[in-house]
Structures are given as C-alpha cells and as structure tokens.
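Heads up, the next two complexes both have subunit A, just with different partners, subunit B and then subunit C.
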Partner chain A sequence: MKQLQIKMGNTISKNNIMGSVKKVQSVFGLIILLIIASFVCVKNGKNLFLDWRNIMNVLRAVSENGIIAVGMTMVILLGGIDLSVGSVLGLVGTGSAALMMNNHFGFVPTIIIGLGIGCVYGLFNGVVITKMKMQPFLVTLASMSMARGIARIWSNGAGIPLSYGDGLAPVQFEYLQIRIGGLIPVPAIIFVAVAIIFSIVLNRTKFGRQIYAIGGNERAAFLAGIRVHRIKIFVFMICATLSALSGMIHAAQVSQGGPNDGIGYELNAVAAVCIGGTSLAGGKGTIAGTVIGAVILGLLDNIMGLNGVNSNLQLIVKGLILILAVFLQADKQRD
Partner chain B sequence: METLLQMKNISKSFAAVKALNDVNFDLHTGEVHALMGENGAGKSTLMNILSGGISFFDGDIFIEGQRVHIKTPVQAQRLGIAKIHQELQLVPYMTVAENIYMGREKSRFGFVSDTWMNKEAAECLAQLEVNIDPSTLVKDLRVGEQQMVEIAKALNMHSKILIMDEPTSAISKAETGHLFTVINKLKAQGVGIIYITHRMEEVFLISDRLTVMRDGVYVDTVNAKESSEEKIISMMVGRDIKAMSVKNKDVLGKEVMRVENLNFSPKEGSFKRSLKDVSFTIHAGEVVGIAGLMGAGRTELCECVFGVHPKTSTGNFYIENKKVNLRSPGDAINHGISFATEDRKSQGLVLQRSIGENMSLPLLKLFSKLGFMQVQLEKKRWVEKIRQLNIKTPSSKTLAGALSGGNQQKVILGRWLLTNPKLLILDEPTRGIDVGAKSEIYKLIDQLAEQGMAILVVSSEMPELIALSDRVIVLCEGRITGGFLREDITQEKLLMAATRMEGNK
Partner chain C sequence: MKKSILGLAILLVVSMFSTGCSTAATATKSTVPDVSETNSESVTEDTSAASQTETKDKFVIGMAQCNLGEPWRVAMNDQIALAAKDYPMFEIVYSDAAQDNSKQIADIENFIQMDVDLIITSPNESKPLTNVIKKAYDAGIPVILLDRKIEGDSYTQFIGADNVLMGLEAGKYVAETLLPDGGKVLEIKGLEGTSGGIDRDKGFREGIASNPKVEIIAVSNADWLREKAITIAEEMLQANEEVDLIITLNDPMTEGAYIAAKNMGREKDIMFVGFDALPTPDGGIKSVMEGRMSLTLVYPTGGKEAIESAYALLVEGKTLEKNITLGTELITPENAEDAYIRYGGE
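Let's look at the complex of A and B:
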C-alpha cells in the first residue's frame, strides 16, 4: 500500500516540478510518522503498531474519509469547496438502511438509489453554484443543513439498525465491511480503487485537463471554449456521489443508518486534501497527495489511540498538525 | 543638480537564475530618468528592490549620500520612495480622499474626519491641476484620473523619488499630455522620477537621461538629447533590428466574416462599454485594424464576435456567407475564430500548468480519444509551434508562469494557430512585450495574412496599427466613426475619428 502510493506520486509528479516538491514533502511526513509509530507504540515488549491487524485497521478507518477526500480534491482543484459531504454521508447511510430494513429493497437497487441520491444532490449543488452564480461555500453550507434535515425526517430522527437475513437487509450489503481473508478490509479496497481511478482521470483524461484549467484560470478556460459550468456541475456530482458511497460503507461498518452520522467529516476531508498539498485557491494538487494526507490523519489517530492519549487532546494535536503541514507547503516562491 | 539616489553593484538571483548582475543606477533631483530594456531585462526587479518589494539582494543603496536599508514597502515609503504601479493599486469602493490618506487617516476624537481629508485632498489634486471631486468613489474614475490620484497620494506622502511603471499604457493621448505637464511640475519641485516604458517616442519627449539594461546587466546611461531611437533599440536588443514591418499587399481574398448590426449593452455595474450598430466585413488574407481610445469598445467588439456575450448582444454573424450562431467561445472556435486576449495573465494562460497544456486547451477534443489524452500526438504539435514561433523555453513541460511576457504571448499565439483559424483576433498583441518579440509578432502577422488568414488587430499604438493593417476601422463610444484603407491612413485621421463624439457624425 505504502509503496503503491509513492509510486503513484512519482508518475504523476513527472510533469509538475512544484507538485513533486510538495508531494515529496507529504511523503516525507508520512515516513516520519511511520517511524515514530514503530517506536512509540511498544507496550510490554510488544509492538502494537507494527501488527498486520492494526495496520489494516488504520486503512479501514481512513477509507470513509479518504473516499470523500478524493471527491473533495477535485472540488478544491476547481477553487471550490463542498461542505455538504458529511451530511450527504449521513443522508445516504440512513436512506439505504431505511430502504433495506423498512422497504425491503435488494442490494443492487439500494446501491443504485444510494449513489443516485448523491448524484442528484451534487447536481443540485453544482447547478445552484454555477447558474445562480453563488459561492460554493455558502451553497454547500446551506445544502449541508438540508441533507441533515432530510435524513432526520426519513428516519424519524432515530438510527436504523441493520441486521441481515431473510426479510431483513440483503446479506451482500454486509460485504461492504468484511475483511477478505480475515485481513484486508473491503472499504480499504474500495478506497484504493477510487483513488486510482480518479488519479487517472485527473492526469490522463480531457476531463482532468479541464478541471486543472478551470481551477488555474477560469476565465482563460472559458475563453478557450471549455464549458466551465458543465464541468463544475459534474465535479460536484462526483464529490457528492463519492460521499454517498462512503455513506453506505459507513452504514455497513457501524451496522446502522444514523441520521446524525458524518458530522464534521467535511473538515476531515478538507484537512486530508490540504495536508496532501492541494491549494485551496485551486489549480494545484493531486489525488496521490490526498491519499497520503488521509493516511497521515489516520495514523495520528491510531498512534494517539494506541498510547491512550485523551481524545480531546487528539483534536488539538490534529489541528496543530494541519496548520504545520499547510505552513510547510505554502508557496514560498513569492518573496 | 545633486544626486538623489544611488544604487551600487546590485545583484539578485532567483533560484539559479541571475536576475540582476552588478547593476548601477543613479537619479538626480528634478530629473526624469528613463529605465529601458526588453522584458526580462531586470527593470522590474531593480525597481522592486528600490521600493522594498524584495528584501534580500547584494549591493548598496544611498539616498542623498546616506546608506539606507530597504527591506519592506513601508520602509521605502518612509524614505520618500513611491511607486505608481502599472496596475493601479487603489481601493475601488472608497473615495479619492480615503485612498489618498489610506493608512494615515486623520481622526478627531477617534473618528475619521472626512471633511478634513476631503479638503486636504482637494488642495493636493488642485496642485496637480486635476479636476476631481475628492468624495467620488475611485471606481467611477477613468484610468487616467485614477493614475492622477495615485500620484497625488505619492506627493502627499512627501515622496522624493517617484517610480512610474508604464504610466501611459492605459490612458488616452490627452491624458498622456496632462501627465507630462504634471511630471514637468514635479521636476521643478525637485522630485526625481524613474520612468519605465516601452514607448520610444515618449522617452525622448519626457526624459533627461536614459539607462538601458539587458539580461540583468547594466548596459549604459546616456543623455536623451544626445541619443536616438535606433541607438537605444540596438542597445536594448544588442543587435540592430528593423522596428516596424513593411508589407506588400495584392488582391483581397474571399469574405471570411461579416458582422451586421452588432449591438451590445452590458449588464448594470459591469465595466464593459456598449456597442451600437457595428457592422463590418473581413476577407481572407486581410489585416483589419481596430483603432479607438480606451473605453471605445474595442475589446467588447472582439468578445462579442467570439461569442462571449450571447445574452447581452444582438446582431448577425456570417462566416463565408453562411449565417452562424455564436453563443459561446466554443461555437466561435468551431467556426474557425480564434481570440488572443489583451491580458495574457488573467485571461489567457493557466500559469501553473505547462506550456503544452496551455496550447492544447481549445483542442482537447481533437487530442483525445474516448476522453483520454493522446500525449504523444499533442506533443508533436507543441514542439512544432515552439519551434515555429521561436518560443524560448527549455521544454514544452515548462510552466507557463515561468516565461517572460513576450514568450507567454507566443504561447497564446501558438495555441490559437494550432486551431488553424480562418479569423484570428488579436487584442493588443504587443502590449508590454519587448522590441525583439514585437518585431517577430509583426512578421508572423504578415506571414499568416499571406497564407490567407483573416486577422483582426486591436492596438492602442497608432504606428503599429498603421504599419500592420490593410484597413483600419475606428471606434468611438461604441460606434464605428471611420474606416480607412491602407493608402490613406494617417495618425491624424485616425485620431480625428477616434475623438469624434456622438452627434457630429
């Protein structure tokens, strides 16, 4: 996994010197963290960190945030932001649980409707932002609140527990959280697949070029004939759809659809993106960086958890690390 | 005359590039000292050092014989150094007086005193013989007036050294005349002025001495009276070149585009100017110039033809005699129209992406298969254009932001040539670029026209328009007020038409 990320970083950075400098920096941060983790997590002569099960736990834990962060990267590359991702996760998690438990939907229809909700939600965000010419921050702040409201209405405000079997939720849904061979968690596999797919999309396709161009200079992109609105709407749809995917994984992992789940997830996603070296101003950044950013955040949680650090203290440390990372990556070229 | 400023042995490197190498510069009281050089010669770097924009460099600066340390813009200000920026740096939604006193507001009992500031600002502006009400919002002023406000602000801070970076690039002839009167007044008061411009005729009109820089190195300082345009140009480029192109023209080709009754009324609050009933035709192989003062609607005309304002403009467009709908830049590109905008950085290039990617932008469809970019295919075309246009760059992967102004302009030209257009629209194609690149672009325009491309050129420099165009259309306040064929274009005629006001048509 680690090797895979570094390799991805290399191929992508070839055509972007600035990007590679920054990427090396986040890779560097990741390595330091891994070294620290290997030393400080030793208890009673046993290394709690360097344990397959623990490492897979870290990956499982970062998957939900990682999948969202991939979508968030593309939105931020456009110079936008999507604050509604956490509520969309809650909405789709709740909705899919309700569909399966209350309406006895099968696996495939549930997945399609779940992703469809994300799609439509992103369409709404994108259309309001582009056609009504409003700030992404405000629009998604508003739609964050709306998604939360819909989720609570759908479930009457209470969580919907999932149980599997005849007349209950389809068993396939449980596969979203099992470990293959008792070790590799399915969410992590989905995360890696999503990251690879969208990394290729950004680097090798016309769509990717258009995203970088709009994020770098929207006016120039428009005057070069790029359909800016269409691309923006599409990117918001991808981001919301990935949040929906993450929502269903989340529901499977916690065995319930909780309308209040995913609060604060938008901040985690933005943090992963920024630690990964993507500029909030748009136009600069990579998925590989975001993957590393998400893993760094997950490692921090894990190291502090294994050492029994107070959870409130953990929040403070994470905040400081975010500031440090962004400071280190700030564009210091301009004197 | 005494020495006001001395910059000795100034050197500065950015990463591995030596931007300045052992440069000397001095300025007397009551003198206008022109600083000349191609883009990338190091003029801006030198001035940034003087105005505190760059804090680490080698060398010494002396003001009135005293060695000074300038690390920040505030320190430069305290030492009496003020810079009038190329892009004006006023706050649009504050009044003239508030801008002049920004950071130094006069207050009474803790409240800002508008009455006092307005009165003082009015006096200050009167000194410059400028008729502006200090309580006007800056956004409501013309560019020339805004510039006067900047100068008033500098004087108000008792500046002794005034740096003017391309002060006439955006103002009318009349305003330029006024600016020169003001400059002469300041000279009489003992202010030293460093004057940066690309316009040769101005330099000889206004300056006392000239310093030429090339590739970060000091070349020479001469008295303006004892020098000539040719001498300065050859000092700047290090070789002799012909400043303007000469062209020979034969018969007109077929009609490429016809515009009928184009009307444009910008949205409320927009800075755009309106167009009224504009009609014209352009033929294959023809270079048509668009003349007019700032705000005459020249850029707006280009934009409308390129499909930028589908909702606020009306009119009929015909390409090769077929009526077409131009509802977006994409439509225009598909119909063979290309548009290289006036402002390269804000409207043309994606600075943090490579030269190649910038060139491919309008052609992503052509260069991709099932959505995937065919990098080998596009790379061939990039290399071809880099060679054809003599773009100075290590590779096609270099970031567009790392190039000099002239080379950036060539990247944009390369981009639009790749689309193989029937009609190429160039808005101020040589603004702010150096003499060498300028003459290359003139040559290119001639070549393209010869190959049958129709070219529409907007330029504020009349000699340039006259040299390039087969025909010039003059705009004034959004209307066509004159059209001249090559043989009877003169600067006087163009100016007459450009200043003809509504009603006396």
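Let's look at the complex of A and C:
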C-alpha cells in the first residue's frame, strides 16, 4: 500500500495552499482573462464587465455546464468519458416538464424522479462499461443516442412549455431559475454547492482517493484491493445524476422541456474540464480547475459578446483558447 | 511558466483588440449625447423607453439572431446591414445563438448589459425566450421581433409575413394547379417549436382541403436544415413507393429533398415545393428557374423594415404599430426569371 502511495504521490492532494495553487494552474489564465475583461469591456465610460449584474449573468450562464462538468471531471479522472450528458440533460428536462404539466406531479416527486432517471442512466452506463468490458466512449456514445430518442418519444418531438400555478407545474420548480434579491441566480448557487461537495468528496474521502488511484494506474489499484468496477459504476451514476440536475435547472431557465436541448453540451463540459487542467488520460485533475475552466469559457463568451465580436470569429477564438490552455498546462504534468 | 503565461496574455489581447475592441473604442468617442439640441420638443415614444429626452447622434442596435446556419437568416442579417448603411447614426451589433435557446438568452442579457438602444431579434423558440425579452422590454429597451414571436405582448413591434396565408396559397396552388387530379404528398416541417412552421403547416392543410384527392401520406421534421432534410427525405422516399409531390416548409429543406430524390433516381416523378424564395444563387427563385422546384413563395425577411422602424422610433420619436404584416408572392416557372431580377438577384 505504501509503495502504491509513493507511485501516486503527485495525485494525492496536498492540504496546503501552495500545493493547491500549483495543482490548479488554470487560475492564472482566469486572472489574466479577468484583467483583460475589466479593461476591454468599457463603453461610454461605463465598465460593462465589472458590474454585479454582468458577473451574475456570467455565473448563471456557466452553471448548467459547470454542474455537468463537475460530474464529467470525476469520470475523466477515472480515465473514462461520458458523452451522454447532453442527452440526459434533454431527457430529464423533458421528462420533468412532462411529469409536471401532463401528469400533474408535485415539486418533490418530480425532482426525485428526475434525479432518479439520472441515477438509473448512470447505472446503465457504468454496468455496460464494466461488466460488458466496453470502452466508455463507445457506450456513452450509444446511450447518448438512446436518451435523445427516449426524450423525443416522451414529448412527441415537441417542447413542453412550463406554466406555473394551479393545475399546472408547481411554483417551487420556478425557483430553480430565479435570482435571489434580484441578483444572485439560484443555478449559480447550486453550481457552487455541487462543486464544493464533490471537491470535498474527491479530496477528503477514501472514495475520492480511490478514484485518483484508478485513474492513475487501474491495474495497480485493482491489485491493491480497490473495487474498481463498483467505483466506476458509482462515478458514472454521479455524472448522469448531475446531468439530470442540470437538465431540470435548464428546463426551469428556458421555461420548457425541450427534447432537443443539450445537443453538444458534452463538448462544452469536456472543454471546461480540460481547460481546468484535468488530463484526459485520467488520474490528474481537480474540481476547482473545472470550475475555473467553466468560468473561463463563460468569460470568453461574455467578453466577446459585450464587444460585439463576429460570432464566427468567436468560434475560432474559443477553439484556439482551448488548445492553448491545454497546451500550457500539459508540459507541467509529470511524465 | 512565465513565458507561457505571457504568450497566453498576448494572444488574448491581440484577438480582443483586432476585432471587437476597435469598434467599441470608436463608439465611445462619438456617443456623447448632443445636449445642445432642442430638449423641449416632447417625444412621443413607446411608453417604456422613458429615458430618451435628449437627441443622440449615435444609436447602438443589438441584433440577436437565432441561427445563422440558415441561409434565410444570413439574408436577414445582410438586409439589415444593407438598410443600416443609409442611416450612419446606427451601429449594429450582431450575435448568433446557433439554435441554442440558452445561448440566445445569454446574448440578449449581454445586450441589456451593453444598454443598447434597441434590440432586433428572431427568437429561437417562443417560450424559452419570452422571459429575457420581457426583461429587456421592461427595462426600457424597445424590442422588434422578426419572423418569430414570443408569448404575450412584451415587445414593441412584430414584423413578419403572414405564414398562415403563405401556407394557404401554397396549398391552393398544389390542390388546383399542381395536383388537380389528386396525389400523394410528403411533408417535411421545420423546427417544431417555431411559430412560422406551425403557421405554414396549418395554412397548407387548409389550402389543400378543397381537393380531397390530395393526401399527405407522411410527415417529418428536418429543423429547417438542408443536410438534415436529405437524410429525412431519403427515409420517407424509402418508406413510400408512390410519391407525387414533396413539400417542405423552407427552400433549403426542399433542395435537400431534391438531392435525396435524385440519389434514388426519382426526381423526375416528383414535384417539389418550398418557401422563402431568396434571390440568391443558392436560393429558391434560382431553384425554380433551374427546374428543380415547381413553386416557392417569397418570405420577406423584414430586415429593411426593422431598420426603418428603428429610425422612426429612435430618431423621429414616433410610436410604432404593434404588428407589420409583410406580403408574399408565388414564384413559379412562369415568373421566376423576372422575379429574380425584381428582388435584386445578380
């Protein structure tokens, strides 16, 4: 066991601040972007960026991706990937809207069933990957398509608009997208809470250490007695459940359950994870990095949007930033 | 590490300053309100734009497009840009949501943050965009909706052609001229949640009702996209041996269906109908001229009218009508060549 710990030395979290900062180098990129944003987004003498409403807008816009990305971080730490997250978002968004509008379910049952669908979905992903010994890329690619199909069948292809009140959807569901005090968006609060919770799980629990171990060297982890299959299944369940949570927040924010929503969201999640410094090979990365990665993506959109940058150019810039961010962090990684 | 961070910083700064920033910089210089003008003249504006008591000499208009993947919307943006050339006091800022409701919500939030003088938008879907547009409207920013509506009436003006009427005209033409003895029809619709698609479909079905021998035997969706329509049409043609006419709710999808039919060698046996009739080389009028389509209907984008409304509202201080309905025209092989020139095609 000791030998294993020496081999995995770098991946086990250091509890001091310098160690944490060294691990989360994406924070430098974030600081640079923040500085640039503060100078560049000034119009009529008004700083468009350094304004509470704008900061809250950005946090709101990154929350859905951020929540998914937290789950995706854990999957990628294992050395896997989950491509079905966008479809699960669409499925649970649609399903929860259907349950509330068509079947008149209350708030709590809807949330429970919504998260439950995520759990079951993740269980499916995890079991097929481990027991049938198939690549996560392949399995989640397939389940991505399946979830999309289920979503469309559930809603007959059209979006299910959400209206609140008696005989309609429960008003508490709308709270998922309000701004507290007119300023702080609930989705952002949920995002921060999710990030903190799973950061603690990864850094302070045996479960978390085992995830890093499996990602670092799966065979060694197995030989050391770690129940690899069980942990993998758990992690895929967590990822899908977080996507489900994001799906319900999304439905509340766009006031409809859309079976076509979430297309491409898996790519945004992976981008956030990678910009945050997590290695696609597994075994190295942090939730904090992912949060920063998600915020960086949101900042890019915000800076370019506030400056009216041509939308086609925005796509190019985002791609270049992704490559740059990953490249700058890659040569710091061991081996 | 220091070198690479410097590299990142340089890249970002260069990309920022080479694109958006230069326009932002010039805007700051010339947007100082011209206070020396007559402030006493009472300006009758839309009631929620309460702060416009001084005459400005520069206005920023935010154009939030829902999907520049559609050629018709590229034409809409182009027509807005062209119309704005006549009004040098207008600066137009564009955004594209690539069919993602969440992105369009964020785009409009940015425009609110930028405190634009007016927003022109085509909402991706009605319900999802209603709240954010209402937020802009209630905050005093006039909103002109083009082609697609939101729920409720928290907007200044809607400009669009009458899609129900267009569908009706298409249906009547099919029932009376193209398939007078009846026939089997495949229908390919656009993105489900869009008001234009719902209206055209409704109108079409009313239009063909006069000829009970015209039968819609299969319906599907291709989200307004040409590539998607190729696949969808292939499936529908595979499943249906006898097809006399394919109608899709926009020209790109009809072209896609044509390609699918051609790949199966069946394009000569089928008639093709679409909507939009853009006077561009890849547009519907050309398709009719070149014999691929039997009918398309002009769907004006309203871009020019939107800029004219913006001028009337922001500069002249007039109140705008809530609804402007634009007309349409049937384009058939008889008038296609002439129409192409009339609508400004080269």
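Here is the rule we go by: the second predicted complex is superposed on the first by the 306 of 335 C-alpha atoms of A that agree within 3 Å, B and C clash if a C-alpha of one lies under 4 Å from a C-alpha of the other, contacts with A are read in each partner's own complex, and residues count from 1 in each chain.
In the analysis below, a residue touches a chain if its C-beta (ideal position, glycine included) is under 8 Å from a C-beta of that chain, and two chains touch if they have at least 3 such contacts.
All values derive from a computational prediction rather than experimental measurement.
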Superpose on subunit A as described above, then tell me if subunit B and subunit C fit or clash. fit
Using C-alpha centres in the superposed arrangement, which angle lies between subunit B and subunit C as seen from subunit A, in steps of 10 degrees? 130
Touch count on subunit A, higher of subunit B and subunit C: C
Have a look at where A:Leu89 lands relative to subunit B and subunit C in the superposition and call it first, second, both or neither. neither
For A:Asp261, select first, second, both or neither according to whether it touches subunit B, subunit C, the two together, or no partner. second
Taking the superposition as given, does A:Ala158 touch the first partner, subunit B, the second, subunit C, both, or neither? second
Quick check for you: in the superposed arrangement, does A:Gln253 touch first (subunit B), second (subunit C), both or neither? second
In the overlaid three-chain picture, which partner chain does A:Ile287 touch, first (subunit B) or second (subunit C), both, or neither? neither
Examine A:Asn54 and indicate which partner it touches, taking first as subunit B and second as subunit C; both and neither are also allowed. second
Report, in whole Å, the shortest distance between any C-alpha atom of subunit B and any C-alpha atom of subunit C after the two complexes are superposed. 14
State which residues of subunit A lie in both footprints, the one left by subunit B and the one left by subunit C. none
Which residues of subunit C touch subunit A in the complex? 1, 4-5, 7-9, 11-13, 15-17, 19-21, 23-24, 27-28, 31, 68, 93-96, 98, 100-102, 105-107, 109-110, 113-115, 125, 127-128, 130-131, 151, 191-193, 221, 223
Residue ranges of subunit B touching subunit A (in the complex, touch as defined): 53-56, 306, 308, 328-330, 332-334, 339, 341, 346-354, 357, 360-362, 364-365, 367-368, 371-373, 397, 399, 415
Would you tell me which residues of subunit A are touching subunit C in their complex? 25, 28-29, 32-33, 36, 40-46, 48, 51, 53-54, 57, 61, 64, 157-159, 161-162, 250, 253-256, 258, 260-261, 264, 301-313, 317, 320-321, 324-325, 328, 332
Note: in the complex, subunit A contacts subunit B through residues 15-18, 204-207, 209-210, 212-213, 216-217, 219-227, 283-284, 335
